[in-house]
Each structure stands twice: as C-alpha cells, then as structure tokens.
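In what comes next, chain A is part of two complexes: it sits with chain B in the first one and with chain C in the second one.
The block that comes next holds the complex of A and B.
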C-alpha cells in the first residue's frame, strides 16, 4: 500500500514506509557495508560505516543508512569521494583497536585504509554491541554488557550468568567482527573457575 | 546494606524500572557505595537486567562499586585554588588521613577526591566535606576541619 519511491545510486527503488535506507538498498541488491548491523536486532547505528549521503529538498546530508528511514523522493548515494573518505577514516580508527580483524581488513582493502595510520590501542573491541544486543534481544539472557564509558568502555560478562548460560550457547561468538568477544569470555572463565 | 533498606527505597519508587537511577542514587547516598548484593537485589525487584545496571553504575561518576568512606572529602585543585596553594593543602590532607585521591581510608572514615573547581573561586583554597564548603583553608587548619567528622 504505502509505497515510497526513492533513488539509490541513480536507480529507482521501491520501499515500504518504516524501512531504513539500508533495508531498501538490500532489497534492491545494492550493497552498503555494515559492521554493527544484524537483521535479528534493533538498528543501533554505532559503527557509522554505513554512512551514506542523502539529498532531500535540495539539502545534502550524511546519515547512517541502518537507522535512517526512507522518505519519498529521497536521493541516496552510497559511494562518492566524500563517503569513501569518511569510511576510510572510520576504518583506520577501528583498525587502531583491532588491526587483525578480517572483517575490517577486507573493508580496508576496498577503501584504501591504512591500518598503521593511528597508534595501536589494541582493545580488539570496536564497540559494535552485537554480542550485548544479541544476548539481550534474541537470547534474553543478558550475560554480557558494556561497562564504563568513553575510552575505557568495554564488554564484560557477568560470571554468575555466564557460567550457567554461555557454555551451551556461544551464539554471539561468530557475530563478533574482531574475535574480541571470545577473548573476553575466556578471561571471565579463567577468573571465575580457577 | 540489608535487603529491607533496599526494599524500602524501591517501594518508595513503586518498583518502577524507570526509577532505576533514582533508586541507585538513594542507595549510594545511604550506603556510600553500591555493593554487588544490592545491585542484584535491585535487578531482581525492578526486573532490570544486571548488565544494564552495571552499565549505568559504571557510567556515572556519582556511583561507586567499591567501598567509600563515611565522609567524602573533595579538595579543589582548580586554577584559582591552585594559585592559592591547593597543592600544599592537598599534601596536608593526604598526610593527615594517609590516603591519596581516589582512595578510601581503611577505617572507612574518609574518601578523598580532587575536583577541578568546586565553584567558590573567590573563597579558595577550599575543601568540601560531605557537601559542606570550607573556604580559605590554610594547611595549618585542615586538621581542625577534619576532626569534626568521624
């Protein structure tokens, strides 16, 4: 019924009301890179790698495709010099945390990001929140969560819950784009069961 | 902190999950810190996951997950107090109670923090104990101020 017509990379795309730009692009077979997006989870908009340029009523704006709802006659560009530059910067910053993550390395190749541009701060976690949200929204166990804030923010398991639930689940492990999660779990296990 | 006191605070807020921060604030001000057992009790009663409570409790500086003393001392190290000798004042406080900023004395009497401008620049150097401002404090009369708190 309420069909919305918009333009993505010069192509006319049909979408339903309430869809995001990312969903509309995916339904039309247009690729937008994502790191923190998962179809089973609420959109989060943390990694900003899906940044696209939208043009509505003559104004250009940069938005995160995974959270921006489609609008009638919206003009979306998923690749441009500006967007590539932004994605390259985001990747270089993320690579300072997780230089060996395959998901990041593949994207880095695409956008020409240099993993040595910024001084390494190998926390291995890029704060995509996939594990935290998957545990809360899909499994409803809340075994893992974020603690602290700013540069000290990190994921942390609650040992009492983790020792009961995680052993048989571990479904969040393959979600992690950097394998930091597994390390956090191993650490929790080591601290909790001597 | 026993469960009865926590329950009383939670009941005051009708057990609403949206009152989580208010509940934590009241536990913090009564108990001076948030013990793990208290967080577990709050989680159970308000039906909020422990991960979320920990996220909030570690986010705000007001909350402490480690024991704090009965009296909280803030020494101002802002620019105005600094030029009026806040460093010497801080040294004296540290010597008197034997702890550094961020620490708590072993008898749980004092916790010490520094603050960058506590708001009374004209009255510096100042220290704030349990929210009460003591202004124009010289290192020599710190002891007089602190002896009233035990």
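The block that comes next holds the complex of A and C.
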C-alpha cells in the first residue's frame, strides 16, 4: 500500500491510497463529526455534517470527508467560519425533526445551533439511512428501506421480510442517532397496521 | 436490407436512394411532433392518406409524417414540397382543398398561410415566416425533410457520411482533435467542453468504456431534445457512434423517457435499421470497429437526469446521485469510464466532422460555438422549438422569433434553465445567448428551456413554483438539499401569502448558501438559483410582500 502524505488542520498525516479524509483524520486522532457514517458500511455522504475544506492544486473546495479520497499533498481544514456555519445550519434543519436527539444536541452545543430555529415537524427520522444500509449491507435482508423521494422520503419496514427477520435481530435499533424507539415504532406500525 | 460493408458501398446505396427520388415530386410533410399530434394532426394525416387514395394519387404524391417542425404555436403544421409552402392550423376539412389546389394545382391557399399579426403581411414559405427566417436551423431543420422511421431518408440527406469519414479517413485522435478544436460545449446544462470530457474518458485506464446519450430532459418547459431525438434519431445515433470511435468505446447507452412512446418507438426503429445496414453492431461498415447500443428508460424522476444518478439507474439501482469526486468520465457505470453527453451535443458531432471545426467555430460567440436549441414558452406569441446561433440576443429571440408578448403586455423577465436556473429582467434583454454571459447574470442557459414572463408575473410565485417542484423531485438523500428546499419553500410560501416576516430574506440567503455549498449533487447545489436570481433582480417584490403583508405584483 502506497503511503500518501496530507495535511489536516496543519498536521502532517499519513494515509493509505483509497482512504477517505475521514478515515485519515480518525487514524490521526482528529475529530470530524458524522451522523450517517458507520465503519461497517459503505460511505454514504448524505448528512453532510462532515463537510470540510480541501485545497488541492491551488483550488479550494468544500467536500464531504466521509467520501472524499485522500490525495498526496491535500490540505484539509476541518473547522472554519464557513464550515461551522454549514454544520450549524444542518443541525438546525435536522433538529426540526428530532429536537430531543442526544447526538444532535451535543453537536448543537458545539456549533451554537438553535433547535427552535425552524418550525417543528417531529418525525424523529433524520434519514441517515443507517438502519436501511445496515440491514442491506451487513445483514443482507433488506427488511427496511426508503420509500418515496424528496421531502416525502421516509423509512419503512417491509412487512413480509420484517415479520420473519426483525424480532430476533433488531441490530439496527442501537444504530439510530435520534431515538432507538423510533425504529421500533416504525417496525411495529409496519407489522400491525400496514 | 442489404448490409453495407465499405464506405464505397455506403455511397452507392446513397446514390441508389437519390436516383429513385424525383425532386419535383410533391411531398406533403405533416408534423407528427407531440404538440401537433395533441392538436389532432393524426386526423390530418389520415385525411391526407384517404384523399390521396380517393384521387388515386399514391404514385404521384408522397405523404410524410415527420418530427416536430418547431412552430408549435400554429400547429397542426404542414409543409408542401418542393415549393416549401407552409400551412398552419390545418384541419382535416382543409385536406381535399390542399390536395387539389396546392399539391396538384400549385396554388397557395391564402387562408392557411401565416399572417403577421403586427403588419398583416402574409407569408407562404418557411423562408418568409419571421418565426423561421430569423433562426439558423442546422439541427432541427431536417425534421420536416425526413420520416424519422426511414433511415433511407436520413441517408438521402447525407446521413452517416460523417461516420464513414471518421472511420476511414480519420484516426480516433483526429476525430477527438476536431471536436476539441470546434469547442463543442455540452448542451445539457453545464456547458463543459465535450472534447475534454471525451479525452478524459479516452485516456482513463480500462478496456471497457461506455458512451451515453442523456435523453432524459426532465426540466419543466424543456421540449427541444425530444423534438430533435424523435424527429431525427439517426443524427443523434451517428454522433454517438463517432464519439464511441474517438473514445474507444464499444458499448453505448441511450437513457430516455418511459413516457414518450413515440420517442421510444422512433429510437427502436432507428437502432434496428442502423444495425441491419451494418452501421451499428460488429464490424461497422467493414471498418473493424464494433459498437452496440442499449436503450434504458427512466422511471419518471427528475433527478435521474443527473449524470451520476442516471448511471446508477442504468446499473439497475435507485437513481440517486453519488458524490463525483472522481469524474464519471473516469469512473461511471460499474466504475468504468463513462462519457455522457446530452442529445443535442451528440447531434452536433456529425456536422462538425462533415464541415470541419473551422466552419463550426465561425458560428457563435468567442466562447460559445454553433447553434443552440431553445424551447420557447410562457407569455410569448410564438411558442415552439427554436434554433439560433449563439450570440443572438435574447431580445431577438423574444421579439423577432417569438413575436413578442401576447395581449399587449410588457415583458418582465426571461427565465432560463428551469428549476435550477434564473431570471433575467427586461433591462438585460440585449444580452447575447452565451453560456458564460448568462451564467454571469445568474441565469445559466441550462438545457435551453426559456420561459418568457410578462408584467403580470409575480416573481415570488415563480420561485415558489420551482421550489415546490424540487421538494418533490429531489431524491431526498442529503440534508442540505432535502431539508434546505423544504424550509426555503415554507418561507417563500409565507412571503407570497403575505405572511412573511422581517429577516426572512436573510434566512433564505443563509439556507441557500449552505444548500449551495454542501449538497451532494448539482440539484441541491443549484436548487436555490431561481431564488437567488429573483432576489438579485426583484428583491423589492419580496420586500414589499413582507412589509405590506401582501403581494405587490
């Protein structure tokens, strides 16, 4: 494996080819917040909370650290006024749906996000897709999936699969960044009031 | 159909087709484009067939159901060759008279020709009608001259000579060089130089490479690609095969709409005919070059026209965009180099090869070359498909071609690029049609949908319309896009209903900054463009709505 040298927040970091910025940062003990990332799952790039600034060949760009591959001499900044502004807004947008989620509240404190900025539409789901992807990629059951698109997108268990697979598994429940009970609720709804 | 095995055989076939044709034989070209069919042109076509049969003229008169002529406003359209007499708003009742008076009697029927509503002047020929005569119809102009289901008619117009020239007289590198020199820029919206994209795909590692026609055209108000692709499918296919040769690809995909049966059918017929002639498949024209094409249909989602979502769709997955930190021309379908261009971009290729990059670059502006298809609609007298050279001013398009604003109203703005585009106020109407000039003004050309908006238009409502469209059409995967658009729509709706609050405009700007910077794909990144452009030019309308708690426009 060839070694790649990059700079994250002014520190020289060594990484292997094929790693993402997030993986390189984690290996060097540099924290980048994530909500939809899980080490067992393919990088997804949906929550965008891991947005960082990169500079390569003289060009600056904002990218998602969980999917952007490392390059030789890449310069990465994990905090800046603009990055903080983006993270604050993302948190405020999500807090409208899951105002009591601990994962969001902790980050909200760090970035000064106001949980009441947008009108509440409590669905508790922030569409991180961890349950959906874990079930598909790790368990290979596809018992839960996304339905519809745009602002109507939501997660839903497939009753025919879920009734056989889910009660003895429930491995996706603790993955939920907002509230484990949320998945239990959606699952119950799918099974008993389809 | 005989298989053609060399460039010479192709030319012989072409000669054979032309020798059987009498240029003086009358031909009635009836527009069977979507607009004219909706206006009942299928009945006009049947009426002509019956009338010709009744008068036993089958051997003396040709009837041709063609693709879109362009002048949708005045449909059903017909053109009578060889005189090129244009009749508009034709009904089945007019048919017997047209056959006896014009086709046989060579007389023009006054009531069926175009009358200029301003001057009262009559015009019988395409070359005299302002809508047509102010255009440069290099791509769409052939629509009325061919039956899209007949490859022979395309060959009669010189079709596939550019392919033959590429395969036998040029190396792939020379073809690539010619496209680069022509500075052909992508017509799908980005305006990215096609030659550079081709070169990236060509140089990308890997044996297996793909070329793709993006025929999705999901933008509201855009209908030029389907007019071209339905009316002249071989022009797109020929461009695609030439591109494949230059890039070194042996597999192409056409991604298009499931809901346009006529388009699907014409593409299927074109592919079959091209294959039978040996213009597609193994050992094309005996050159040793192999290339096959598969058609994939969308499932009716706007975002599946986004290049990475489109490629996932071809893989059989959900059409969700993926991050493009590695370009699709390097890693696209099944992680193979995949070169995607829009319908119109591909259709430009044969004429560049035939007539040369020098000819091509003589048309247009310094950085935008050739012609551009425009779907002209909204508050405009002449709705239709328009083709003009780059550099034509928006004023010329609106007034000289479009015939101005109906009902004596004043023009307020011109909107380009649909839900991810922007509006330009009347004061900037002398801006030339040019990728960079329009992008600078916050209204990138996009695919070429041009909405004309009159003085009664409320610009806050225009923004609301587009945001509403996008809340349904975003894939919903990433937060800044899904949630950002949701909140922007709420705020804009409040403003338009007189419920806006101080600080709303600033909040909109803040959300749009985050959506623009942090979204996963171009849909989210540009979702706020209509908002930003209307805030740039019509901020007072937002402010008035908020301050006066009502709508001023």
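One rule holds for everything that comes next: the second predicted complex is superposed on the first by the 179 of 194 C-alpha atoms of A that agree within 3 Å, B and C clash if a C-alpha of one lies under 4 Å from a C-alpha of the other, contacts with A are read in each partner's own complex, and residues count from 1 in each chain.
The working rule: contacts are C-beta pairs under 8 Å (C-beta built on N, C-alpha and C of every residue); 3 or more make two chains touch, one makes a residue touch a chain.
Quantities reported herein were computed from a predicted structural model and do not represent experimental measurements.
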item: Which of chain B and chain C A:136 touches, first, second, both or neither; value: first
item: Touching partner for A:148 - first (chain B), second (chain C), both, neither; value: both
item: Chain B or chain C, by number of chain A residues touched; value: C
item: First (chain B), second (chain C), both or neither touched by A:76; value: neither
item: Partner chain in contact with A:156 - chain B first, chain C second, else both or neither; value: first
item: Which of chain B and chain C A:125 touches, first, second, both or neither; value: neither
item: Shared chain A surface residues [contacts with chain B and with chain C]; value: 146, 148-149
item: Interface residues, chain A side, partner chain B - complex; value: 132, 135-136, 142-149, 156, 158, 161
item: Complex contact set, residues of chain B against chain A; value: 49-52, 54-55, 58-59
item: Touch list for chain A against partner chain C, complex; value: 45-49, 51, 62-64, 67-69, 82, 85-86, 89-90, 93-94, 96-97, 118-119, 126-127, 129, 146, 148-153
item: Partner chain A, residues of chain C touching it in the complex; value: 301, 303, 322-323, 325-326, 470-480, 482-487, 490, 510-511, 513-514, 517-520
